[in-house]
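Some notes on the structure that comes next.
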Amino acid sequence: MDIKGIIPPLVTPLMADGTLDREGVDRLLEHVIEGGVHGVFILGTTGEGPHLSYDLRRQFIARVTESIGGRIPVIVSISDTSMVESHNLAKYAKEAGASAVAFTPPYYFIPGGPELQDFVQDMVELLCLPFFLYNMPSLTKVTIPLDVIETAFQCENCLGLKDSSGDLFYFKQVRRLIGKRDKKLLIGPEELLAESLLAGGHGGVSGGANLFPRLYVSIYEHMQAGDFAQAAALQREVMELSCGLYNIGRHGSRIIQGIKGALELSGICQRHLAAPFRGLSADELKRASEVISGMEHWLSRPTTA
Amino acid sequence: MDIKGIIPPLVTPLMADGTLDREGVDRLLEHVIEGGVHGVFILGTTGEGPHLSYDLRRQFIARVTESIGGRIPVIVSISDTSMVESHNLAKYAKEAGASAVAFTPPYYFIPGGPELQDFVQDMVELLCLPFFLYNMPSLTKVTIPLDVIETAFQCENCLGLKDSSGDLFYFKQVRRLIGKRDKKLLIGPEELLAESLLAGGHGGVSGGANLFPRLYVSIYEHMQAGDFAQAAALQREVMELSCGLYNIGRHGSRIIQGIKGALELSGICQRHLAAPFRGLSADELKRASEVISGMEHWLSRPTTA
Amino acid sequence: MDIKGIIPPLVTPLMADGTLDREGVDRLLEHVIEGGVHGVFILGTTGEGPHLSYDLRRQFIARVTESIGGRIPVIVSISDTSMVESHNLAKYAKEAGASAVAFTPPYYFIPGGPELQDFVQDMVELLCLPFFLYNMPSLTKVTIPLDVIETAFQCENCLGLKDSSGDLFYFKQVRRLIGKRDKKLLIGPEELLAESLLAGGHGGVSGGANLFPRLYVSIYEHMQAGDFAQAAALQREVMELSCGLYNIGRHGSRIIQGIKGALELSGICQRHLAAPFRGLSADELKRASEVISGMEHWLSRPTTA
Amino acid sequence: MDIKGIIPPLVTPLMADGTLDREGVDRLLEHVIEGGVHGVFILGTTGEGPHLSYDLRRQFIARVTESIGGRIPVIVSISDTSMVESHNLAKYAKEAGASAVAFTPPYYFIPGGPELQDFVQDMVELLCLPFFLYNMPSLTKVTIPLDVIETAFQCENCLGLKDSSGDLFYFKQVRRLIGKRDKKLLIGPEELLAESLLAGGHGGVSGGANLFPRLYVSIYEHMQAGDFAQAAALQREVMELSCGLYNIGRHGSRIIQGIKGALELSGICQRHLAAPFRGLSADELKRASEVISGMEHWLSRPTTA
């Protein structure tokens, strides 16, 4: 399996009452596939995974895998505080036809290095699917140490690491650890996509690719083609989106608020977040509309009624 | 309902295979009740709540409530990253006969102040049981702001706050907020029990009270009786326990490792932790034995075969 | 030398142009001595030491030692990022007749444990005066480890530790380390004064004792006399002061702004802070006046014209 | 003045007794100038500025400016906890012929946003030389907010910002703020040099350029020439140096230990650090020798006896 390129961390489309917006899921998937993405990553941070009930997580896995029907790889985040629940979710994902799973360290206690070694080894024994490690220290309170990554990389089933630290020095240390091995290193923060590719990264789990998949795919393709200056120019558009759309809301949920708000404006899915978090207000939605005005060509799809 | 005094955050007795140690649960409950505790707090941090499967959490709630049979109050932590799962657990706890629930902020995203206000209001609407707020910033990444506490205190169903921050200045600000209202303020870290009572606190959710309930109950009773010097002397024994027993293991799980190890040595329950965390090794157990040697009079119960 | 009890961290009275307010220094010293304090601590955090020029620091040392004339001990903070400058200041303090010095770890780099060991040993060799270690992790970025404290305690010249961490568990670990040795443990945050004394502490470096020395001295004396309940009641007045006066300003300088503002209102010294920090505005001063209204009996001195 | 390109943060060569190694200074300057650097940055973090006595700081400024004799720009860090001392140092630097100064926020208190605004305005009024802002949050405890940078950029004397945060997203936000204005943005961490240039940065204050100036100058020149792939390849050599040489020592001083150790091995200056920090031990020096073995061609200078 060769998972690389632009892999949007799919938002989870929700109705106002918190149930799954099934039509929205389908429209979102067609939208990103049409935009040229190389896979989807579901139930991660942008997907609000930890905020959803297990029942809804399973519904979403089922709908996504069915709707995609094998056209592109599906990676399911099974991150949890409980290994048993992670395992249950992995089994469900496998049966549904997912391609791989991803997991952070358990995010309630703060595990020490040896405890993380135990954790990775326990997970490797349990898992029946290939996996990515998922580094997200701002939310899990722990950076995955390089020696723990090395342990995981010994395992054939380990596909690589998704790094959402935003710390490009750490990212490059992991890249150096990979060397010539066939492990993939994906960057989380879309603001660093082009730079991460210059540094040897293999792709991005870019939140904005929910909305403007072609923009991120273009950056990736330009970098692959050695056209760095053009990639850098497009990367500046990502900064505009990030500094605009993701700063309308405030607090912990503002990035997802921005993406979901713009998706509603684009007719793709509704803007609601899982409780207790809220979608953008009507006023905020208006500001979102101004931010994305002029970027519609990146939507690259016919308008939905 | 008047919940105060010494309320151990019960450990969750587990078998080596991760299933519930039902006999251990019963022995532990008899042990702490005999030791004079004023309630139990289950599935919190010391109870490894977030690390257990939901199925095991429900089994534990059922066993504890049944075994106690109303003799003392049972508080169930329903803290979760997903409000739906919190709510599910609260319903189960109510049906099982629990007295109250407790919850931290959701601990994946980092909610801002207004988001915490939304959260508390959403929870209050959902809950069918009286509740304690639960402040645990080292693990949830957020200190509950005073204005959010004030909002919760407006609610009749709110019994008070359990503060595990270890920040006694914050604790005293909450105490000042309570003033003459009938809300209870319980301290988490047992190392500050006597001092928190001097500061106007109403009791302690003291991990060591799993093991030596009479020691903590004695501190509480001495402080109630105005016998501060004697309380301070006993509090020094708590420091010995803490600096000894809780420093044998290392990393995030060391306090629970120490308590569970000593409980095994005392014939009460097994020492296993929920994966990926491990119980004390045989060598470490030997050191635990030395630390608690001389403190057996605080067990205050007949030896179990 | 037996330094314990209430030892205000003296503010440094300044004129509007940033020069020393010499008359203010004298009035402040008479005020706190009359209030019964057991020593003064100068050029620490509350004294804005690191924000003052070295010339002004020396002027202040000279004025304070001369004005006190040996009536009570004078402790001089020589904390610095440069050991040479610390040493220069210590020499000056000794010649001026100071009783002791105090120092934090150097606060630019973040020293590791072995580097702190080196630091303490280097300082001990250089110093010609008895000294206190000074733990102030929120500003120096490092908590002094217990083994480094143990190294310092081996030295006869070490008088003890001033702990401004606000972490009473740490404080009690240091107290346990002292055991029966003749080392003194002083608490920084005045909000925890009574509780720290219950925990075996020897006194407080209480900022509010610049303003209301008798309040803090009374808490100390009540605790010494075993009259804990009365001490706790007075401690609640400290909380009122802290939650009121120290929350008028905002940001890093707000505690000093509050103390200096109230000192100006009481006719003792001016309210200016060292640049770039500002004293309270006229509006804020009015609010300060309301907060301390009703507490004037703690001033315990004739009004200054 | 057009300050950009590779500007090494010069180490401060010291004798074993802590005095200035004047010959070492001269050799180091000839070495980096011969290596093609575009300026030097002195008394910053790598220069151990805050750890040196003021007297030594002045000696170093004098020696560097005299020895360089105007061949390349000299930027002097005047960062301090005391604005008066910063100002004194700036005056000295101007008289000595320095080109510009740089300063972090004052690093004892933690200033709030408005306090930082006050600080920048106070500094701008005082300074008689062009200046760079210097963002170094890991050591100063505060990230300079974008609105404070905007205020500084209004000032003609402000040349730009040196960003040592390692947070490339922040870096790119500052770059976006600059837009088409003539302000320069320099990156601190050398591990991100090429990526920062792709992101629109103007140069690097790269510690390793003390040792291998040609390596860093080559990366800069390749990026300027649009030869990104070659720059990325050289950047991997920087990673080798960083992961090797800067990880021999441990704790806060390890990067400087590595650079100074390798400089001693290369016959340029001694390896001592300002107390309480230590240079590499003999054993560690041997490991440093192995790390840099094979990289000598980057020294690009005749061996010193």
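Every chain is named by a letter (A, B, C and D) in the order it is written, and numbering of its residues begins at 1.
Please note the rule applied: contacts are C-beta pairs under 8 Å (C-beta built on N, C-alpha and C of every residue); 3 or more make two chains touch, one makes a residue touch a chain.
In this text the structure is predicted, and so the values were computed from the model without any measurement.
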Chain copies touching (chain A, chain D) - same or different residues, decided at half shared: same
Identity of the chain that, by mean CA position, is farthest from chain A: C
Distance between chain centroids, defined by C-alpha means - chain B, chain D (Å): 50
Separation of mean Cα positions, chain B and chain A [Å, integer]: 36
Pairs of chains satisfying the touch condition: A-B, A-D, B-C, C-D
Residues on chain C engaged by chain B in the complex (per definition of touch): 166-169, 172-173, 176, 189, 191-192, 194-196, 198-200, 226, 228-229, 232, 235-236, 239-240, 243
Complex contacts: residues of chain A adjacent to chain B: 18, 45, 50-56, 81-85, 88, 106-115, 118-119, 122-123, 138-139, 141, 250-253, 274-278
